[in-house]
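First chain written, first letter: the chains are A, B, C, D and E, and each begins at residue 1.
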Amino acid sequence: MNELIEYFVKNYPFLWGYMLDHLEIVGLATITAILIGVPIGIYLTTNKYLAGTILQLASVFMTIPSIALFGVMIPVLSVINQGVGFLPAFLALVLYSQLPIIRNTYTGIQNVDPQLRDAANGLGMTTLQRLWKVEIPNAMPLIMAGVRTATVLNIGIGAIAAFIGAGGLGVVIYQGIVRANTTMVLAGAISVAVVAILADFILKLIQKKLTPKGAN
Amino acid sequence: SVGGKSVKVGAKNFTEQAILAKMSVFLLEDNGFQVDEISELGSTALRQALETEQIDITWDYVGTGLVTYLDQPPIADSEEAFAEVNRLDAENDIVWTNLTEANNTYAIMMQEEEAEELGIETISDFAAYINENPGEINFATDAEFANRADGLAGMEEFYDFSLEGSITELETGLYYNALNNNEVNASVGFSTDARIDDFGFRVLEDDQGFFPSYSAAVSMTEDVYEEYPEIEEIFAPLEDILDSETMRDLNYQVDIEGESVELVVQDFLQENNLIEE
Amino acid sequence: MDTFNKRTALVVKILLWTAIAAFFIWGFSQGMFRQIYEQPGLFLELLGEHVLIIFASGFAAVLIAVPLGIFVTRPAFRRTEWFIVTVANLGQTIPSLAVLALAMGVLGIGVEAAILALFVYSLLPILQNTIAGLDSVDENTKDAARGMGLTNLQILWKVELPNAVVSIIAGIRTALVINIGTAALAYLVGAGGLGVWIFTGIRLFDNSYLISGAVPVTLLAIAVDLLFRYLERVLTPKGLILAREANEA
Amino acid sequence: MIQFDNVNKVYEGDVKAINNVDLTVPDGEMVILIGPSGCGKTTLLRMVNQLETISSGSILLNGEDVTTLDKIEMRRKIGYVIQSNGLFPNMTIEQNMMIVPQLLGWDRAKKRDRFNYLMDLIGLNPDEFKKRFPHELSGGQQQRIGVARALAADPPVMLMDEPFGALDPIIRARLQEEFLQIQREVKKTILFVSHDIDEAVKMGDKIVLLRDGEVMQYDTPAEILNHPKNEFVNEFVGSDRVLKSMSLYTVKDLYKAFTLKPNFESKDIRTINEDTSLRVAISMILNQEADQLVIEDNEGNNHGSLTMDLLEQFLHKEIKGQEG
Amino acid sequence: MIQFDNVNKVYEGDVKAINNVDLTVPDGEMVILIGPSGCGKTTLLRMVNQLETISSGSILLNGEDVTTLDKIEMRRKIGYVIQSNGLFPNMTIEQNMMIVPQLLGWDRAKKRDRFNYLMDLIGLNPDEFKKRFPHELSGGQQQRIGVARALAADPPVMLMDEPFGALDPIIRARLQEEFLQIQREVKKTILFVSHDIDEAVKMGDKIVLLRDGEVMQYDTPAEILNHPKNEFVNEFVGSDRVLKSMSLYTVKDLYKAFTLKPNFESKDIRTINEDTSLRVAISMILNQEADQLVIEDNEGNNHGSLTMDLLEQFLHKEIKGQEG
């Protein structure tokens, strides 16, 4: 315990650096995933046949072990000379986030009381107005829950991206493993966990902000 | 930073590499570079990344360059090997600079007592013992050594023995503990690794000279070499201070004392007045 | 509109299968899977290690987590529930890599460390889903059971567990799928498994190792996922499937 | 028989839900608990089978204090129907209905017979529904199964909490009729919660009107309608309570109350069956179907004629008569 | 004005939901669509604002075929109230109510005025409720907001699908009264779905009785009650239809129909206000509150006395009179 505290005290600037790397890659991946996943989720509500296929596909991506997916990224991206470092890790994380984001957006909007959709139509809203004013606001808690799941998941998986040179807190854990240095492993693990918990907490606040008061 | 000086530094997945890469990072940053570090790669992956400019600059070993990357016969003398590598790699647009005296060759290690008991001092003894008692020695190796031309297969052929069926594959670095805990009888290792002394391993003598010189040097893309000629000068001081002893000492601080690479490197560079406090 | 949607879905499906087929054709033509057929003995050994790690840890986790989940949802111990759930939630923010490393700190290098790590890591989803499943049983239904004079044990056995079984199996499925992925990292603590080839591939930039390791692991994960989804369907009381369909309609 | 003896219930947070309730539900009668939302109907019901504790006072079931009885055993002897039926979604209709008999260890043949009997009683085909699951049934069918399940082990006492609350008016009326029919056969001692005065009047042998946990009036439907004890009861039963009370009497009640001469005068006089309710009778008169209606019993005998005057007199007598 | 011209609706799977419906809803009148569950009420309503397509025939809105109109624009001009109110939980009461004006681009002042006016109309304090969310309101309040929302842009035509369906009887009755009051002021053209004959009789200028997608009878409430066209209508309105029809008339209707002499005889005779419905009047007489009741208008003038005989005569006259 003392060793751990000592380690943090001595190394916080360096740990901070790893953490920023970690956050950068996870943050960018999650934002990208939202930009892709939310519109897909919304679109899927208009095409139930495609929804089945896409949701299945996304759930298959989730089952691919992360190290395997990172691994496969290497030969695929080496074709464009981007096999190690940022890009493969980024892409893998974007893929992993798709399922929770698409699924939650999809079910969120599907679960909006059909009566509300009916009322919106009956009041003469256009499809887009209905989406913005009724469906998305009421689906917001679920959409954000998906984003939170994706983020926390990605923070954990991001630790494995260290093996393809993407840096981040995974490096600390990895070096701890090969040096049989439990202090380092703990330092890395605790940092990742804290980042995940903080991210979840902050996203919860954002969720509260974005969720209209009456919708839940 | 837009328009600023920016390079990507690569590193392999063991302590010495982490240390050397950190030195590069600190020195370059101290000289106004913006540095990205891409670490924990295998040798082959690192080399591939360098050739395809996914990284710009890295520390590597002339022996590795010669035998593994360029498929040449080993050269024992490090200066000669350095010159040869540089000459041949020009064709790959890769430049080698800043040859140091830190020679990190492969080491074949056993527990002192067991080696004593079995009367093994050299790799030749080791080969002979295995040929007499096939399957008795459990040998730990990492994926890289198991598959390199100057690795296990080359060694087996050179010394004429076969470990077939009694190999344990472990992640680079884990085998020191595995050997120490008697989970294996022998293992590959790096000669500059401090754990050899600390755990009291016997390093088997490469009596017939299989392993080439693995002196560390900087390897970078020609583009970066030409764009930032100052890099060679920045690293120049290291040519004199880095030798095998120093490397072993730095590794000791990280692997045995549990210090972080960053702290060790920072202290080292400050002591040698290479960066400011 | 409907036919247009159907057609879009079909096109996407065809594209997907084409991509998958293309991947395998490319893989085989490039000899990407050659490690499997060149060293079948080693492949089976690694696969065996992988499967052993997953099932040993998964089995132990089920034995512990399900009873624990039942325990904390009993009215008398309800107070402990939030604590257990919070711990389970926090536990899942710790990366699997770290759990492996810490297990190695306890048990040293080898299969035991991997099994311990995966056991601990699988406890969480199974526990969470057991609790969620039991909690989701309609209060009215339980009330009716109580009012008819079922004992607490009978309520658990005849009403709560049958209605929670889907959720519990889903938890086991999640745990196993995560385990298969984490077991691929077990190489890092010297526990072997197909991760050996994946890491060899990454270190050496040798795609044949990579693909020969990564694709079987992935297929294993998908197979286990499908198997358990099937189990979920088969083991779900028929009445619950109907209930769910009725709710969706 | 269920006796409530000075029963009180205070929930956590000092919510007084039941206040000094004294009440007896006689054997074989159906007593309806009615009152505004939150008045304590459910609470009172659930204290009987000990799903809620009693804060003070006592409840006697056939003379025994319920708190001294073994809970499990007692509950198996009391049929309990909760609002929204509470069927087990994981069990078939047969399993649902036979759960208590099964717990009681009945043999297969006995269970089968009972199942068939009860399904007949509620008018569903046993073989057709046996293997189905609750969600394959309509709301009304589910509700019937819920009632039949409570009857399964032939309990002498039943507690029913708004058993028809969630149904649409037409199906609801049908189930009420059916259940009355069943009750005429099985003669259970029933405590029945409702929030609908029409249902209460139609179904109850007696009605308990609750307000804020206190009994406002405990009487027969006729008494409640004709002689509301206070303003609250009066308002609760509604301004047209006389018209409501007319559904309680049949033409037979009327001719029994007076000595009428048979009527053979005119040929175009319409007849009215003795079982017709007075509410329908007044409608017929007002509808000008006839100035007077010849009363016929089920054998076709003439019992005199019914006029508006007579109706008024009868109501007068009933209402006044009960005033004494 | 809404005209249905030989309208048919066939759902996928060959469900004939609406069958040759011909119907006109005159300007400023409220027409009630009533019938058993599944008879096609909702379908017929939703074809007007094109939430359902028309399979054949045409619907004209003020003379224009609805299928030729721009859907969005048309819907904004038709107030639509769906069962269970359909308020948007994410919007405040004000936002909910002003959604159509906002879509129409009204300026703030105009919206504020309209909001205040409507809140007054439905008897809720604008400032108190403005910033609240639907779930912070009781069911009855929500329902009122739902109706007010449909009225927001002052549409000449309203479609209301069981707007009071989900409410308990007491609140329901109150809202019905209120809405009748409002309708007297605003005089919209309204098509109103109900499944409750009492509601239909109380609210409708005319009633359409549907069965399996076909119109059984389209008439005033009095006609439907007094002269059901066929056995189905007769059964649907119930055996006590005369009592129901009595809610349609007030004491005033009665004294206008006869020339009565003022009554100053006895002192203990009770009075009855001219606006009282005959249903309450007969209850009072049957309840023995008095043999006769002195009729008073709103100014306190005496208009003679009401007796059971008179009531009978009046009903006779009404029913016979309309037969011609």
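A few points about this structure:
We take it that a contact is a pair of C-beta atoms (placed from the backbone, for glycine too) under 8 Å apart; a residue touches a chain by one contact, two chains touch by 3 or more.
Just so it is clear, the structure is predicted and the values come from calculations on it, not from any experiment.
Identification of common neighbours of chain A and chain D yields C, E. Shared contact partners of chain D and chain E, listed by label: none present. Between chain C and chain E, the least number of touching-chain steps is 2. Set side by side, the interfaces B-C and A-C show unequal numbers of C-beta pairs in contact, with more at A-C. Look at where the CA atoms of chain B average out and do the same for chain D: the two points lie 91 Å apart. A separation of 37 Å divides the Cα centre of chain A from that of chain B. Separating the centre of chain C from that of chain D, both taken as means of CA atoms, is a distance of 53 Å.
Along chain B, residues 13, 41, 45, 48, 171, 174, 177 each make contact with two or more other chains. Multi-chain contact residues of chain E (touching two or more other chains) are absent.
Across the assembly, chain A contributes 74, 78, 83, 163, 174, 177, 180 as residues in contact with two or more other chains. Pairs of chains that satisfy the touch definition comprise A-B, A-C, A-E, B-C, C-D, D-E. Every residue of chain E that touches chain A in the complex is listed here, in rising order: 49, 51, 71-78, 80, 82-84, 86-92, 99-100, 103, 133-136, 149, 159. Those residues of chain A whose C-beta lies close enough to touch chain B in the complex are 3, 7, 10-11, 14, 74, 78, 81-85, 162-163, 165-167, 171, 174-175, 177-181, 183-184. Residues of chain B touching chain A in their complex: 8, 10, 13-15, 18, 36-41, 45, 48-49, 52-55, 171-174, 177, 254-255, 258-263. By the touch criterion given at the top, residues 5-6, 8-10, 12-13, 16, 90, 92-102, 104-105, 177, 180-182, 184-185, 188-189, 195, 198-199, 201-202, 205, 207, 210-211, 213-215, 217-218, 221-222, 225 of chain C touch chain A in their complex.
Partner chain C is touched in their complex by these residues of chain B: 13, 41-45, 48, 142-144, 146-147, 168-171, 174, 177-178, 181, 183.
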